[in-house]
Amino acid sequence: MEKVIHDPVHGSLRLGGLVLELIDSPEVQRLRGIRQLGLANLVFPGANHSRFEHVLGVSNLVERLGHELELPEKELNPLLATAVLHDIGHPAYSHTLEYLMKDYLGKDHMEFAGSILLGKASTYEREEIKEIQKLRVPSVVDILSKHDISPSEVAGLVLGKHRKLYLGQIIHGDIDVDQMDYLLRDAHSTGVALGMIDIDRLMGTIIVHENRIATESKGVEAVEGFLTARALMFTSVYFHHTVRIAEMMLANAVEFAIKQGSAINRYNFHRLTDAELMERLHSIPGYPREIMMRLRYRRLFKTAYVEERRELTRPEKRRFLKKYGKWRQIRMLQDEIAEKAGLPPGRVILDVPIVDVLISEPRLEKVEVPALADGKLVRLSKLSPIAEALKKRQAPRHLLRVITTAENVRKVMRAASKVLG
Amino acid sequence: MEKVIHDPVHGSLRLGGLVLELIDSPEVQRLRGIRQLGLANLVFPGANHSRFEHVLGVSNLVERLGHELELPEKELNPLLATAVLHDIGHPAYSHTLEYLMKDYLGKDHMEFAGSILLGKASTYEREEIKEIQKLRVPSVVDILSKHDISPSEVAGLVLGKHRKLYLGQIIHGDIDVDQMDYLLRDAHSTGVALGMIDIDRLMGTIIVHENRIATESKGVEAVEGFLTARALMFTSVYFHHTVRIAEMMLANAVEFAIKQGSAINRYNFHRLTDAELMERLHSIPGYPREIMMRLRYRRLFKTAYVEERRELTRPEKRRFLKKYGKWRQIRMLQDEIAEKAGLPPGRVILDVPIVDVLISEPRLEKVEVPALADGKLVRLSKLSPIAEALKKRQAPRHLLRVITTAENVRKVMRAASKVLG
Amino acid sequence: MEKVIHDPVHGSLRLGGLVLELIDSPEVQRLRGIRQLGLANLVFPGANHSRFEHVLGVSNLVERLGHELELPEKELNPLLATAVLHDIGHPAYSHTLEYLMKDYLGKDHMEFAGSILLGKASTYEREEIKEIQKLRVPSVVDILSKHDISPSEVAGLVLGKHRKLYLGQIIHGDIDVDQMDYLLRDAHSTGVALGMIDIDRLMGTIIVHENRIATESKGVEAVEGFLTARALMFTSVYFHHTVRIAEMMLANAVEFAIKQGSAINRYNFHRLTDAELMERLHSIPGYPREIMMRLRYRRLFKTAYVEERRELTRPEKRRFLKKYGKWRQIRMLQDEIAEKAGLPPGRVILDVPIVDVLISEPRLEKVEVPALADGKLVRLSKLSPIAEALKKRQAPRHLLRVITTAENVRKVMRAASKVLG
Amino acid sequence: MEKVIHDPVHGSLRLGGLVLELIDSPEVQRLRGIRQLGLANLVFPGANHSRFEHVLGVSNLVERLGHELELPEKELNPLLATAVLHDIGHPAYSHTLEYLMKDYLGKDHMEFAGSILLGKASTYEREEIKEIQKLRVPSVVDILSKHDISPSEVAGLVLGKHRKLYLGQIIHGDIDVDQMDYLLRDAHSTGVALGMIDIDRLMGTIIVHENRIATESKGVEAVEGFLTARALMFTSVYFHHTVRIAEMMLANAVEFAIKQGSAINRYNFHRLTDAELMERLHSIPGYPREIMMRLRYRRLFKTAYVEERRELTRPEKRRFLKKYGKWRQIRMLQDEIAEKAGLPPGRVILDVPIVDVLISEPRLEKVEVPALADGKLVRLSKLSPIAEALKKRQAPRHLLRVITTAENVRKVMRAASKVLG
């Protein structure tokens, strides 16, 4: 059976067999309920696209690239499976709760996807599992086994790991299909043209050379364009300060809810969809409900204190990571500022976006796609001053930012200066 | 204060004053939580755009058209307010529950918007009103009064009514800005190019003549293109049979929930957002939760019986309306079929899309935009065989359709033939 | 060898073998010098795209459709050759001189392409042939023979004729790839969105059934969209009255030049490229040079007399064809008007666009793509009132039009009324 | 009178008064006959767009920016005039003959535009002037004077010079409207997405500060995107090696023709349109005609010797300019190589693209748009490592390249190594 699905980014997609079966699994259908860009729609009203769409797009790009590289079926199939499944570990609102996942689970969303694939974890809460079983649908693990695909191979690919290096790199590498799809899709949905990349040229000039993904020399500009688009989208959209404010508010509300531990707890918080998370927050009086209402009706916290970005040396980065690398550390610091300002916890929120980059999106500093020039592989930064420059560029406009409710901005500014200054 | 917002369809929108204040009202912010195309994303995965985006788009088109027509501020401002507010009466999933609204409230979403504007109704349940008040945000009614705009003028405009006919027609007429925005936006989000209209030409050739909206003769093709695009989008997207199946399932689940009358009842069902409605359905064991799970994981009912479209005479249409025009009538018929098939109520669902057209989208048969040819107004169907043809064209591909769970298709087919045949 | 070419409409095209060789032939390279839309750039400044681009696009669509229909290579190759070669018989400015070709050669551009393919004619003037030979490039006939493709099969396909009906229809039928490409390309270049068609859906729903091209029933809307787009583009772009004025001026200048018979004569007029034709007209003092200067600097003739379109009965069409079907007839009538107005020949030009439709673009009235509904083929007009309506719709806004220089408009109006009224 | 023109890049343009009159002047109409990208269509078949379209686009952007910056009419009008007129000095095939202009006229196309504006030169050959006069159309100088616009102010603006610095910079500065339009238009026509810039953001964040054009800090990413897009388009399109080969062939053919001095001579070569130039080359037997035929049928010279790009120090750049900065110097060197290879002059062509950048497009190294951060102007390269990197990036992939006919490649390679190595 084959099915044609219309995708606003890549046109008509023809799906069949493996991909179609995986898409119908509850783990992947769940992604319809998770917005690709978390709360970015509070700033970019069009940003309502879901991880589900993205996953279809990635599988389409894998198919296209697999065709270009003439990959044999036994390499292509695990790649396709990974394309469809690489995001099943995502919590509600995509990257917003990543920090908490790391802290409470000790896993990021990719590692959690691995656990699901290996049958060690589930995206569902206990009661839901029973109801899903009533629908009598095969799980992801069943489908993989039916198609003779090794779950652990897929779990590795999600992390970009594979004995054949290029297979991992296609999914999760310096210029992977995941990033290609999200740049195009986010540009399409937000209307921010900065993310437009030359997908045709990228697809046409990526090669496999010495077991690795590389680019033909005539593709260098397309790669430069890709790297720049990515950097600019991070600054203007993903790390837009208002988006960050909203996301940090949500993360703090979830933290409070977990502490109370009823409708939302440390075992379920990352399994919920956007809708579930919001409705459960709403059901918890006090801080969680207040924040949920503020997000729903867009009454956001304001900036009280900000430290502008500057180029960081390697030791500085290390120091930042050491000081702010854990959710608990940040919580303690923000509570210290709140106390100094005479405010209860939760009224003051500290955001250190640079840590996010270093932890969740290390690809952002990876610009070393090898280019094939005259039969030899050359590091891109050798060929391209742009690539070299992007290594140094700080994607977030601010190193750190302290936010609070409108009426407390002054108080918090003073307190933050003392604690962080 | 002015704000620039990026819209994927119309580019950068510059918002200020009246429009910005209205957008910040809770009534309009609520629209972020309502998908423009209901459950169409189950078929067109990109269809996640919200009524909120649409409302921004419509206000942009009003501004553009107002500029073209050189409308004075005291005509433009009520129009702008209406553009932002015309959808505040919408229940979750847009048109899906319209039928139920008519039945339980005796009002469609536009009439309900009127009630809100006149202070006779609210989009919120009682408890929520208090929480919103804590956020200290001005309501829509306050803002209108601050800007000296008459709520009843706006309530009239929502329905396309105004002493100055053209003002009503701009918002809700044969070729209004509401339809222009949704065609472009739905095409953009679904990837179905059929909805592409020549917005530049439309904007440039619409005029006011003898108190009415008309088109210059050089704009006739743009209008023909608009009318055709609308007809084709109705058939391929809005009335796509799988979309209808999902929406009818949801409507029936809500009906069951209302009958039980706890988390969802006749007073609140139309005030909820998509997320709230789904989560509440989930909280109600039995039919509501089952249907919600089926929608969430895309296990839809199947077609058991179908009557293909054909051209209907006027008396036939009247007969259809008389027989199927009310939700109760349809419920009785579908229960009759269910009984005959030995199934409990809810297992059999009857869909009569033609009634929807006649009741909710009478604009679809309105194709008589007057065109100005040699200084005289001519009816479009005089100039354009296309316009004439569209009057006869049935947008839905099926007159009626009976659906049920996969395993009961045969039984229901027989039963339906007896009852409806 | 394979080559990637960037096309603004279809993206990266991968060309190789047969197609690449044919493209490199002088007959096809010549098409770089012929604008797809003749003089339409005088009204739509972006309309500078060439027949060469179009031909690449058509070959791309053939490849795509061939893949969808799983055509074997021995059917696909002649189709690809035809796609590349179908326009080699075109004179300068595309359709502008078609009338003259019919009159002087007794052939339209497709029939002339056939002559070239069969080795009976050449696109070049005698001297040029020698110079081309110096470049030592294989001719089209050589390349076809190298690839074992029958020139007469290709010559037939150009006219839409083939024993296997569907092969002919793919190239030149009711919804052929030629039209699909030109609608998209002309919309892209002119910025007139009316030509946007849903190419993805068309490609995905066209089938071969009982030896003919048909559409699946779920493709009906895409076909309706296609037919409407075509009709609207004809009215707004191809038959735009100013475009017609410019093109008729050019045709008359060429006629004068042929009469003088030096730089341009009846044997070479249709072989020249746009540039050659213009420069040669410039070299001929008197009327040809004047018209050329008027076109170059956009000092166009004005309308003196016009008869608006109306629905024509079949006998009326026949009468029109009988009266105006030949270039000579039109010349005689316009000269009669000129005489009556006291003006020399050439000052008055008569345009009867309806004849053009009937002679050169009979596809415009062909809307009977068969649709497959429930296993049976149904005529589209049965399913679609739009298709039915398009049969009656007159693409040109005017039945006939008389033009002259600005200062003679009144005189000519009176004279024309007498002669034509 | 007002006129609406459809532009494929910016949509419907509403033109009136000054702009419309200037557009109708013969100087501007002439630009219909000059392709924006010279011979790039030999590589990018869609690149047939004309300077005329571009000029309309630039005037549209000036209007838009003027509106954003709230420029008074007496500043806006000269800017609009300059937008329409800035390219009237262009020779055929845009930048291809720039080198020769410099050498024979001692002026580049902008300086020549200045001469025309000041009434010291004309775009026409003597005989043509008379014929244009017959068309009785006002010249550019007449129109400016009618609108009280100083020709010398416009002549200065063409070069980016104005007492009010920002006025000059809007037309010809680091991020000017000229570049914005050409990047978008070239991307649109070639299908190379690398040129896509975020025009909405650029327009919305450009400000005037201390008499200069600057960007708000929230516009920095849009500027980074603009600068990168420009750099990538130069490398992939404008300096594509095959495009350069074709353009150098043409320049050499014109040089030969000038030397012969009949149909083409040093007084007229830069006044001709693309069509005229080609047809005149064709009329000159020997080298000019051969090259013309090679270009027409795409039989291009091949690369014999190439020196790859590398980062150049300032002194190296100076040395390059000194050695290759003049057309004569290059001619002498290429003739020396030809002689050494035993070939007649013209068979060997030397291309040194870096000189072109330094001479004709110094904007390419200008990346210092000031950005307003916290009320202070900061140099962009301070804020953006990308901007810094672009200063160092060589747009052309090759420092120099020697080309010849296919059969002489080896011979010439050896000879070039000796002369240049």
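Remarks
The chains carry the letters A, B, C and D, assigned in the order they are written, with residues numbered from 1 in each.
Keep this in mind: a contact is a pair of C-beta atoms (placed from the backbone, for glycine too) under 8 Å apart; a residue touches a chain by one contact, two chains touch by 3 or more.
Being a predicted model, the structure only gives us computed values, none of them experimental.
Note: Cα superposition of chain C onto chain D, rotation of 180 degrees, nearest 5.
The most distant chain from chain A is C, comparing centres defined as mean Cα coordinates.
Across the two interfaces under comparison, B-D and A-D, the one joined by more C-beta contacts turns out to be A-D. Our note on geometry: chain C versus chain D, Cα centroid distance of 34 Å, whole angstroms. Annotation: 51 Å between the Cα-based centres of chain B and chain D. Mean C-alpha position of chain A lies 42 Å from that of chain D. Across the assembly, chain B contributes 6, 11-12, 191-192, 200-201 as residues in contact with two or more other chains. Against chain A, in their complex, chain B makes its touches with residues 5-9, 11-12, 24, 26, 29-30, 32-33, 35, 41-42, 44-46, 48-50, 52-53, 56, 131-132, 134-135, 137, 188-192, 274-276, 278-279, 289-290, 293-294, 296-299.
Taken together, the chain C residues at the contact with chain B in this complex read 191-194, 196-201, 221-222, 224-225, 228-229, 231-232, 235-236, 311, 384-386, 388-390, 392-393.
If you check the complex, the residues on chain A that touch chain C are 4, 6, 11-12, 14, 200-201, 203-204.
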